[in-house]
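Common to both upcoming complexes is chain A, partnered first by chain B, then by chain C.
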Partner chain A sequence: MTLLKIEGMRVEFPSRRGSVVAAKDVNLELASGEILGIVGESGAGKSTIANAVLDLLDPPGIMPKGKVFLEGERIDGLSLEQMRKIRGKRIGMIFQDPLTSLNPLQTIQEQLVETITTHLPMNNKQALERSIEMLEKVGIPEPAIRIKHYPHQFSGGMRQRVVIALSLCAEPDVILADEPTTALDVSIQAQILDLMRKLVKETGVGMIIITHDMGVISDVCDRVMVMYRGDVVEIGPTRKILGNPDHPYTRSLISAVPRPDKRLHRFPLVEYIEEAGVPYKPIDIKTHWLGQARDFDKPKSDHLISIKNLEMRFLTVDSVFKSKRKYLRAVDDVSFDIREGEVFGLVGESGSGKSTVARLICGIYKPFGGQVIFDGTDLTALGSRRVANHYRRQMQMIFQDPFSSLNGRMRVGDIVAEPIKFHKLASSNAEVKSIVNDLLDHVGLGAIAAKKFPHEFSGGQRQRISIARALATRPRFLICDEPTSALDVSIQAQVLNLLKDLQEELSLTMLFISHDLPVIRQVCDRVAVMRDGKLVEVADTEDLFEAPQTDYSRHLLELMPRLEGLSGAG
Partner chain B sequence: MVMLTVALIAFAMFQFVGDPIANMVGQDTSLAEREQLKEDLGLNGSIFTQFGHFVKNAVQGEFGRSYRLRKPVRELIAERFPATLELSLLSAFLALLVGIPMGVFTALRRDSWLAQGFMTLSLIGISLPTFLIGIFLILFFGVMLQWLPTFGRGDVVDLGWWTTGFLTISGWKSLIMPAITLAIFQMTLIVRLIRAEMLEVLRSDYIKFARARGLRERSISFSHALKNTLVPVITIIGLQIGSLIAFAIITESVFQWPGMGLLFIQAIEEVDIPIMSAYLLLIAFVFVLINLVVDVLYYAIDPRLRMD
Partner chain C sequence: MPEYFKDFWRRFFDSDIWWSFKSSPLVVVASIVTFIMIFSSVFATYVAPFNPFDLAQFDLMDNLKPPVWMEDGTSKFLLGTDDQGRDVLSTILYGSRVSLLVGFLSVIFAMIIGIVVGLVAGYSGGWVDAVLMRIADVQLSFPAILIALLVDGIVRGILPKGSHDELAVYVLIVAIALSFWVQYARTVRSSTMVERTKEYVQAAQVIGLPQPLILLRHILPNVMGPVLVIATIQLALAVITEATLSFLGVGVPPTSPSLGTLIRVGNDYLFSGEWWITVFPGLALVILVLAVNILGDWLRDALNPKLR
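Right, the complex of A and B next:
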């Protein structure tokens, strides 16, 4: 039976310079008990569809064309009050970020009871009973007690369960889930997806999952619709789309997804993707600026970096008395070595302390205990600033968020020039300028980028700027803290390719931090797995993926989406 | 801590603003009499003993005698304080009563002509200096229409420890204009503040999720959005009420309102330091008190602070 049907939908965002078409010619049908995935990169118009169905488009969005039917009855163009009765009661919606989708000032009970009494003929007492039932159904332990709590007292995964309970509590027939697991850790993601699959099969509702993550699609969806820049590219059964796509965009999108099952040298060059930039031109390291004055040709040992019993605590409860202070052990007795010229991966879920390790190595945090030995020197025991700067120049960091890691008021050229000037690596301003232009050219942006400001660039391009800035000190060791997790897959593929090329060309040593196991498999030579501040396992990447030694590593690998039936493209 | 610092500043005024004896006595006072006066006023001890004395007395509400009026400062303040407090509370009440609904309205019906009108008015209100509004009001209602008195508190009822103008018609009549004058600036500020904050909250995910669950529009606007709006706004409103009490000076001078502001202005003209320092301390105390109330309110509204 068809629950939801969309015919010829078009969504526009009018602006002074003409309208932006966010989605056009969208046709789809959703049957009961079915999970339909909508996949695409940012700006593809996936969320727009869900918002348009419920008439929740952000102003000034409008739907000038198209029809929406709910169980055969037309629901577009209804009055505000009629539409309100459909929202929640007949079509429920789940949003991306569980941390912000609950009202922080109300208890879970208040929010659930209000939603239930608004839609169902129940008094407060019955509604409370139903609320507790719902919480139990979505897997919240001790629901009768937890219902009295406020949202901030729940973890991210638990909050998403509450959000799901809220969306389901008035028994809707259709659920629209907009990136329901994007903000969650892999293990939580697996639980939530399980839960959603179970609810759909049990209650026979129809669900649309909007996501950019091919793993989620292959895990739970019966059918998939692929979108690109507002166009529906293709729609069909999951197996067919993932395994044997018709459209070149789908093919290139799938080839950009990091494969969990085997290692490729680099991502196949993907067509259909914008901002590929200038093709990568190899440089002659012997004559190029980046190769000059590498005053560290002979390593003093095999290991460029050795970390010994590193420990970091954060004060959580302060007190005048030392014995009453409480600490969070963010990094607890961690030791590992990184060889010269290798890419060393650090993997773990959020809160495992992997970013803290990176910050300890490059000196943003001062360790509570332990040593960081860089090329034979203990960095934690350095005396003067001058000596410290000597080592700082040799290690650089690339951060996760390309939007907040670049100063928005400086021109890109100045951003890249700053480290060169600070470390006095060039003799004249003209030389600085030519080096900057050369670097920007080398990371695929072109020298013209130097005159622009960061906001004029997209996320992927900004990450290239960060890379250029990091290279500007001619580093020997590069720390990449989730460098691509804020990016779309196709952009991620390009940035990872670039990092790989640079690493090989300049024989950089890299510490690569990620929560994304397939990415780790594609990029790293060796991997360390972290959990709750402790090191769980260190192994060669292929060994870890083929034969994990510890339960936790095995557990993480099991949670990794299989992407079964993925096409051989690439 | 704050109070002690302010006390130090208030005390320092005594030290640096000239010799009070010279101001108090006439030319024909003998040297012995001057010495006697100095002894009485406790000006002969070391700076530390004097400061200790000052703090001890201040805690007990004793600020010495006014140089000019020859009356204990405590009595003077006690006489004037009710007038200022009544004026400020009424205007704060007016500002909140009108400001919050107007702010909510302008946020919810952003495009309606009424909301646009409110915003224009609030721009005028925020730009016009207080004394000008006061003078216009006096001109219009006091001089041209002759409805309301232009100065003073009117008839007041003495309750022993408090004098109030709330109980007589002439008291209310005299109160209205100064209260409105004082309220207008605060009101416009509150309107703009609430509007900006509320627009922010209305864009948030939880409001969108509340809409997507089909909750009633009224419940979304008031019980979900407004409550979240008030969390940051409370601080500013608290500080504004403090400044109403502290800086009613201009309004009080325009309307010759017999409050503390007027007393303070006169004290400055005469370099009447005990009054100035007492005023300073009192205002600091009011601010500290209001901050405390704001913190308690925060705690009541925002469950995230109730951790542990």
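Right, the complex of A and C next:
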């Protein structure tokens, strides 16, 4: 039975510079008990479809064309009051961020009971019973006690369960889930996806999952719709789309997904997505600026970096008395070595302390205890700023968020020139300028980028600017802190390719931090697994993926989306 | 670099700010009024029909003439004359010059103090922050006028008697600035605390830049937006405070009158029927403050991306 049907939907956002078409000619049908995935990259118009169905488009969005049917009855163009009765009651919603989709000032009970009594003919007592039953259904232990708690007393995954319970409690026919697991850790993502699948099969509702993540699609969806810049590119059964896609965009998108099962040298076929700008051209390291006068000493041992018993604590409860102070042990007795010229991965869930380790190494935080030995010198014991700068120049960092890691008030050229000027790596302004242009060229942006401001670039291009800035000090050690987790998969593939080319060309040593195991497998030579500030396992990448030694590593690997039946493109 | 400027103007006329400016007639009118008032007071020597400070140019016989449209009014004195026979229009133009000078300088002075305190407090945190912000709190608990009176009193005590009148304007500027810096400091401090944690600041740390350079080159430009908006609103406030202090008799001396002094002088004649001496300077003050305030309000909204 067809629950939801969309015919010829078109959504526009009129602005003073002409209309932006966010979705054109969307047709879809959703049957009961079915999970339909809508996949695409940011700006493809996925969320717009869900919002248009519920008449929740952000102003000034409008739907000039198209029809929406719910169980054969037309629901577009209804009055506000009629629409309000459909939202929540007949179409439930699950939003991306479980931290903000619950009211922090109300207990879970208040929120559930309110929703139920609004939509179903029940009194408070019946509603309470039903609430507890719903919480039990979504797998919250001791629901009768937990229902009295406030949202902040639940973890992220538990909160998303509550949100699911909230969206199910009024017995809707259709559930729209917009990136329901994006804000969650892999282990919790797997549980939530299992739960959603189970509930859909049990209750016979239809569900639309909007996501950018091929792993989610391959895990739970029956059918997939692929979108590209407002167009529906392809729609069909999951197995068919993932295994044997027709459209070149889908093929290119799938080839950009990091494969968990085998290591490829590079990501193939990623040029379809973003205008590549300037094609990558190899440089001769012996004559190029990046290779000149690196004045690095010959490595004293084959370990470029040695971390010894590193420890970091953040004060959580302050007190005048030392013994009463409480600390969060963000990094607890961590030791590892990174060899010259290798890519060393650091993997773990959020809060495991991986980013803190990176910041301790490059000196943004001062360690509570332990040593960071860089090329035979203990950096934590360095006194003077001048000496420290000598080492700082040799290690640079690429940050996670491309939107906050560049100063929006500076031109790109000045951003890249700043480290060159500060460390006096060039003799004249003209030389600085030519080096900057060359670097921007090299990361694929072209010299014209120097005159622009960061906000004129997309996330992937900004990450390239970050890379150019990091290269500007001629480093030998590069720390990448989740460099691609804020990017779309195809852009991620391009940026990872670039990093790989640079690493090989300049024989850089890299510390690569990520929560994404498939990415780690594609990029790293050796991997360290972290959990709750402690090091769990250090192993060669292939050994870790094929034969993990510890329970936690095995657990992490099991949670990794399998992407079975993925097309063999590349 | 004409090419660069051409590019700048093209971008400017294409920008959202220019667009939101154009689409609000109230703001256009306010900016024209502000411009005319600033222009005519800066070039008062050329614009004003008389120089009210040149004894040769006015005659005691012309005193207390009403505005031109009333009986006895002459076209020589468009807005009438005061008790000494000075042209009211000219005194207003010369007076708003003093008012605007005090307004601009005190705002700039307050802005500098506030930005420095705010940046240091926000970036260092800890006890430095605590001490600076407690000082700011103490400052906030005094009304601006009380602080101005205090500064004025101290300066009167320290300086020799004769020199006070010459320095009166500067005393006023310092006094107003000292009572206005807290707003800037608080705003800059909170924006700095937000910016400090952003990754571009960490990137600058990794490059090895020293703290003062990070503050000036990276954080300062990113916290200036709200500061400029406060400045336009504070400019109007500073002009009013100056007028209030001058009205109370602790501001600029009657020999180089500001708008506030003019209102005070005219106040004595209000009840004997010569209303124009006090009403016109008052009107000029209201129009100036209103126009600048409208501009400030608009700028606050135009620069806030959430309200766009």
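Simple rule for what comes next: the second predicted complex is superposed on the first by the 568 of 570 C-alpha atoms of A that agree within 3 Å, B and C clash if a C-alpha of one lies under 4 Å from a C-alpha of the other, contacts with A are read in each partner's own complex, and residues count from 1 in each chain.
Basically, contacts are C-beta pairs under 8 Å (C-beta built on N, C-alpha and C of every residue); 3 or more make two chains touch, one makes a residue touch a chain.
Bear in mind that the values here come from a model prediction, so they are computed numbers and not experimental data.
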Exercise. Aligned on chain A, chain B and chain C: do they clash or fit?
Worked result: fit
Exercise. In the superposed arrangement, which partner chain does A:Leu54 touch: chain B (first), chain C (second), both, or neither?
Worked result: first
For this session: Give one of first, second, both or neither to describe whether A:Glu7 is in contact with chain B, with chain C, with both, or with none.
Result: neither
Seminar exercise, completed: For apex chain A with the CA centres of chain B and chain C, the angle to the nearest 10 degrees sits at 30
Exercise. Which holds for A:Thr115: it touches chain B only (first), chain C only (second), both, or neither?
Worked result: first
Exercise. Who does A:Glu171 touch here: chain B (first), chain C (second), both, or neither?
Worked result: neither
Exercise. If you stack the two complexes on chain A, which partner ends up touching A:Asn407: first (chain B), second (chain C), both, or neither?
Worked result: second
For this session: Please indicate which partner A:Glu136 is in contact with in the superposed arrangement: first for chain B, second for chain C, both, or neither.
Result: neither
For this session: Figure out whether A:Asp532 sits in contact with chain B (first) or chain C (second), or with both, or with neither.
Result: neither
Exercise. Touch check for A:Asp231: first (chain B), second (chain C), both, or neither?
Worked result: neither
Exercise. Closest Cα approach between chain B and chain C after superposing, in Å?
Worked result: 5
Problem set entry | Complex contact set, residues of chain A against chain B | 54, 56, 80, 84-89, 92-93, 95, 97, 100-107, 114-115, 118-119, 150, 152, 163, 166-167, 170
Problem set entry | Residues of chain B that touch chain A when the two form their complex | 204-206, 208-217, 219, 223-224, 227-228, 231, 301-304, 307
Exercise. Any idea which chain C residues touch chain A in the complex?
Worked result: 19, 198-200, 202-210, 217-218, 221-222
For this session: Could you pull out which chain A residues touch chain C in their complex?
Result: 16, 359, 362-364, 385, 388-389, 392-393, 395-397, 399-401, 404-410, 418-419, 422-423, 466, 469, 473
